[in-house]
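As written, the chains take the letters A, B, C, D, E, F, G and H, and residue 1 is the first residue of each chain.
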Amino acid sequence: MELNVYLAGQIHDDWRKDIRDQAQTMDLPIQFTGPMENHDRSDNIGEEILGEQPDAIFKDEAASQLNNLRTEVLMQKADVVIALFGEKYKQWNSAMDAGSAVAMGKPLILIRPNELHHPTKELANKAQVVVETKEQALQALSYIFETQ
Amino acid sequence: MELNVYLAGQIHDDWRKDIRDQAQTMDLPIQFTGPMENHDRSDNIGEEILGEQPDAIFKDEAASQLNNLRTEVLMQKADVVIALFGEKYKQWNSAMDAGSAVAMGKPLILIRPNELHHPTKELANKAQVVVETKEQALQALSYIFETQ
Amino acid sequence: MELNVYLAGQIHDDWRKDIRDQAQTMDLPIQFTGPMENHDRSDNIGEEILGEQPDAIFKDEAASQLNNLRTEVLMQKADVVIALFGEKYKQWNSAMDAGSAVAMGKPLILIRPNELHHPTKELANKAQVVVETKEQALQALSYIFETQ
Amino acid sequence: MELNVYLAGQIHDDWRKDIRDQAQTMDLPIQFTGPMENHDRSDNIGEEILGEQPDAIFKDEAASQLNNLRTEVLMQKADVVIALFGEKYKQWNSAMDAGSAVAMGKPLILIRPNELHHPTKELANKAQVVVETKEQALQALSYIFETQ
Amino acid sequence: MELNVYLAGQIHDDWRKDIRDQAQTMDLPIQFTGPMENHDRSDNIGEEILGEQPDAIFKDEAASQLNNLRTEVLMQKADVVIALFGEKYKQWNSAMDAGSAVAMGKPLILIRPNELHHPTKELANKAQVVVETKEQALQALSYIFETQ
Amino acid sequence: MELNVYLAGQIHDDWRKDIRDQAQTMDLPIQFTGPMENHDRSDNIGEEILGEQPDAIFKDEAASQLNNLRTEVLMQKADVVIALFGEKYKQWNSAMDAGSAVAMGKPLILIRPNELHHPTKELANKAQVVVETKEQALQALSYIFETQ
Amino acid sequence: MELNVYLAGQIHDDWRKDIRDQAQTMDLPIQFTGPMENHDRSDNIGEEILGEQPDAIFKDEAASQLNNLRTEVLMQKADVVIALFGEKYKQWNSAMDAGSAVAMGKPLILIRPNELHHPTKELANKAQVVVETKEQALQALSYIFETQ
Amino acid sequence: MELNVYLAGQIHDDWRKDIRDQAQTMDLPIQFTGPMENHDRSDNIGEEILGEQPDAIFKDEAASQLNNLRTEVLMQKADVVIALFGEKYKQWNSAMDAGSAVAMGKPLILIRPNELHHPTKELANKAQVVVETKEQALQALSYIFETQ
């Protein structure tokens, strides 16, 4: 049995690579998917495909068409969704993805530093598992496969 | 025909009262629901009902049990969900509610100042209608009932 | 028992009024809903609420946000959807609404002149009932209530 | 990961072949499906299997039984639906398929020349992505797989 | 609380009237619906509304469009479906309705003489309650409301 | 707005009456439903309606047909399900009802003495709210309606 | 792409083998499933596994537990359901399976001799395709795969 | 065709190993999944991953987060759920899993000693198949694949 896990959250650093690498080290039969991690490309993908837009708002609308296409397709294939929150960035799309995941019946693992417990409290309550670190999230995934 | 509209978003000012009042002035047959708007009570409701908790994280977990019960029950009854975003606050639970609403098949009206177009771009793309003001959201609701 | 029937189709003439009037004459306990029938308003509603748009395409996008909000809310409340097709107009939104209705599990009554049988053939096959006239559609609705 | 994409739209020219060929050139792991593209066969399939029908209407009803069987089976397997609209033909079944796809939770990519923006406006609003060319649709699909 | 109960089964005698009368005597807050009980009208409703059909098969297809419209609308509103089987008639549509009801999540009460236990065995297994008489079915419905 | 709350759990004492009475004192607009609370009748309802059964196992099967009919109908109408667990009785049907409720998307309030935390731990994790007393459960319900 | 097709209907002759053989000759990538075709075993499977039952009714109930387990598991995996009706046998379980299939969103192909058009009329109306022979059903399946 | 079967129930002895071994002997193409069978690890998994908790209740809550993550992911992949009940242990999570399985549309096989018929009666009524032994459950699974 193989699992498919969608990694929701910010795309400003390499946290997904850490998870992928560690999962490989742990030999977990998991396929990870997620959003476009090249931040500039993610912002510009609308104009890249659809051409120049009238202003910054329409540029964003164009980009989000493509980003949400990707998220929608990949999240429908996911068995589990992990959402990571950190101190920086607004991360409203991560929270939206987390809310969507739960409403779609996908178990959610929330990774957030304990310091953020207050603003993430409703997210934490909806999540199936709440952890502080990527390592803990991987342990949770690993537990699904372990036999003793 | 009467509609039921859930008002997701921050609970730090009276924006819901403005919407309720204006809807009444406009004679719209709409019942509005939403979260507990008394912010202190919302934060303390867990300990109020369940007693003192071990620390601030568990206090938040207790409170969010109750807040999410309320949101879940009321959002399932809603025909439309309005989510308002502003400059202040993290508003992750608002974004989570918006994501849930769309995944539950509830049309979403997003209210946000244009300045926030970038961090709300994926939310805006998922919303059925995106506006800048409460008045525009009410006009959108009113349009559902108008005959000419 | 009362039924709720959504009337999908063009908004260039008074066909919905005919149905409403005749249903009243027949004393049918049916509440009819449908799109905005004032064609100009339907085209301009986006700019009316959201302000001037960059060009005609964005004006249409703005208008369709509001028109689809209305359709979505009202069609979710419908027990039956009637879609009327005629010789004029492209009527792609009517066909889209008809397809949505069937996929949402709403029985569809298709009204179309026999001359249009070829381009409506897949729609006719998906519809629960196919008729040529508004009177026949009303007879079909009336049959749901009749006891002998 | 492989995607399955259903290509809805007219069957009077080779546009699907273009998409298939270009996807192969781009090395996209996508399986494309769609309706019977031999137009005469599509029109005659009812009588081919079920025998001669009483008149042209019943011949169409017979054919659409088979065409909708095919569409239904293949669209249920699809991860994404592309619908192409052009200047010619009524294309009501394409609009119906697009409406069904969205109601079934399948992300929709709409391809239409900008000139058709007005009659496709509600379709465009329901689509996840709206483009003008087949190449853009393929870029959108490719973006789902790209990592930087 | 009021229940809505759909009465599936043959339309050759007055068994539904018995149930309605007895429910009224028992003061049960139940609204009963069901198919057209005038057998001739049920057979002819297609031609009555749609006009003469090419042959008996098409006449039946026309009638079943209307009969299934009625069943579909009313069964979607039902909280419980009762299906009655007897010695006479093929009753394939009753069995189909029973199968649909269970797949739609509607609890099914099956009424059948014990002699028919063999051909109804899979139906009996799918039913929530299996009884021999109308009186027993009414007792089952009554039990839902009773408080001691 | 009125809520409908199903009270799952043992039927050996009057705990539901306490909840109903207190809700009335608190003026909560809630309609409560639940299983047959007369324990003997609940055990005998199968034979009461269906006649004597071959042995105790078949008697139980007959009774549970009727008890589950009642539960199924009433739980589908519920907005919230409360499940109460106590020291006595096996309460497997209560746990089954709680599991069903959550899988049907109904928010669950679990009432259990803290001493039972270990055997109820998976139930507690699935519940939206976990409390120790009936009073706390009513406070949770009341919170849904409160405005400050 | 491979399809999975469930063959509902009587188990008194070898009609399924004909379909399987012919599909192989036609090289169709279809996996067929269906009920236990050994009629005696199907009737006795309850007592075979569960031991002797009190009487013929309970024996049937025991058997149908197992037969419906098989049907349920296999029909959930099916892309298409074929139901065959003939002159003999009551075939109520076939009609029930057909009704379930349609309510589960599985396209239904109905095979019935034209002589049976009257008792199958509601089934025919619910089916996606109605044919008279097994060969026609196979042609319909084949059409899903054909490219010209 | 391969089936995926989730084995719900207590984790205090090796009953799952018996089923797995016997299935292998019988050459059944079945993949079995289930909860963590190391009882101590199942109880401690919360603290193992999340660190020490404030008290035994919170320790249980932490553990059940992980145990329910595993159950949720694996049960969503299951074609059939088997739930085993015995004389010992409260087994409320098994009953909850059984209730969830049925509400999720997964056929349930209940294994319980006949002596437990009374407390399992509602579970038995919801199960598709009720047996006394593991061997009988395997026979039931085997029957799904057998051809004569």
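Heads up, the rule we're going with is that a residue touches a chain if its C-beta (ideal position, glycine included) is under 8 Å from a C-beta of that chain, and two chains touch if they have at least 3 such contacts.
Computed from a predicted structure; not experimentally measured.
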Shared interface numbering between chain F and chain E [over half = same, under half = different] = different
Task = For D-G, find its twin among B-F, B-H or A-B: the pair where over half of the contact pairs carry the same residue numbers.
result = B-F
Message = What rotation angle takes the CA atoms of chain B onto those of chain F? Round to the nearest 5 degrees.
response = 90
Request  = Using mean C-alpha positions as chain centres, tell me how far chain C is from chain G in Å, no decimals.
outcome  = 37
Message = Using Cα averages as centroids, what's the distance between chain C and chain E in whole Å?
response = 31
Ask   = So how far apart, in whole Å, are chain D and chain H when each is placed at the average of its C-alpha atoms?
value = 43
Query = On chain H, where are the residues touching two or more other chains?
reply = 65, 68
Key: Touching pairs - complete list by chain label   = A-B, A-C, A-D, A-H, B-C, B-F, B-H, C-D, C-E, D-E, D-G, E-F, E-G, F-G, F-H, G-H
Remark   = Note: in the complex, chain D contacts chain C through residues 56-57, 60-61, 63-65, 67-68, 71, 85, 89-104, 114, 117-126
Query = Which residues, counting only chain E, touch chain D once they are in their complex?
reply = 54-55, 58
Key: Residue ranges of chain H in contact with chain G within the complex   = 1, 3, 79-80, 105, 107, 109, 128-131, 136, 139-140, 143-144, 146-148
Inquiry  = Which stretch or stretches of chain C touch chain B in the complex?
reply    = 31, 33, 36-38, 41, 45, 48-50, 65-66, 68-70, 72-74, 76-77
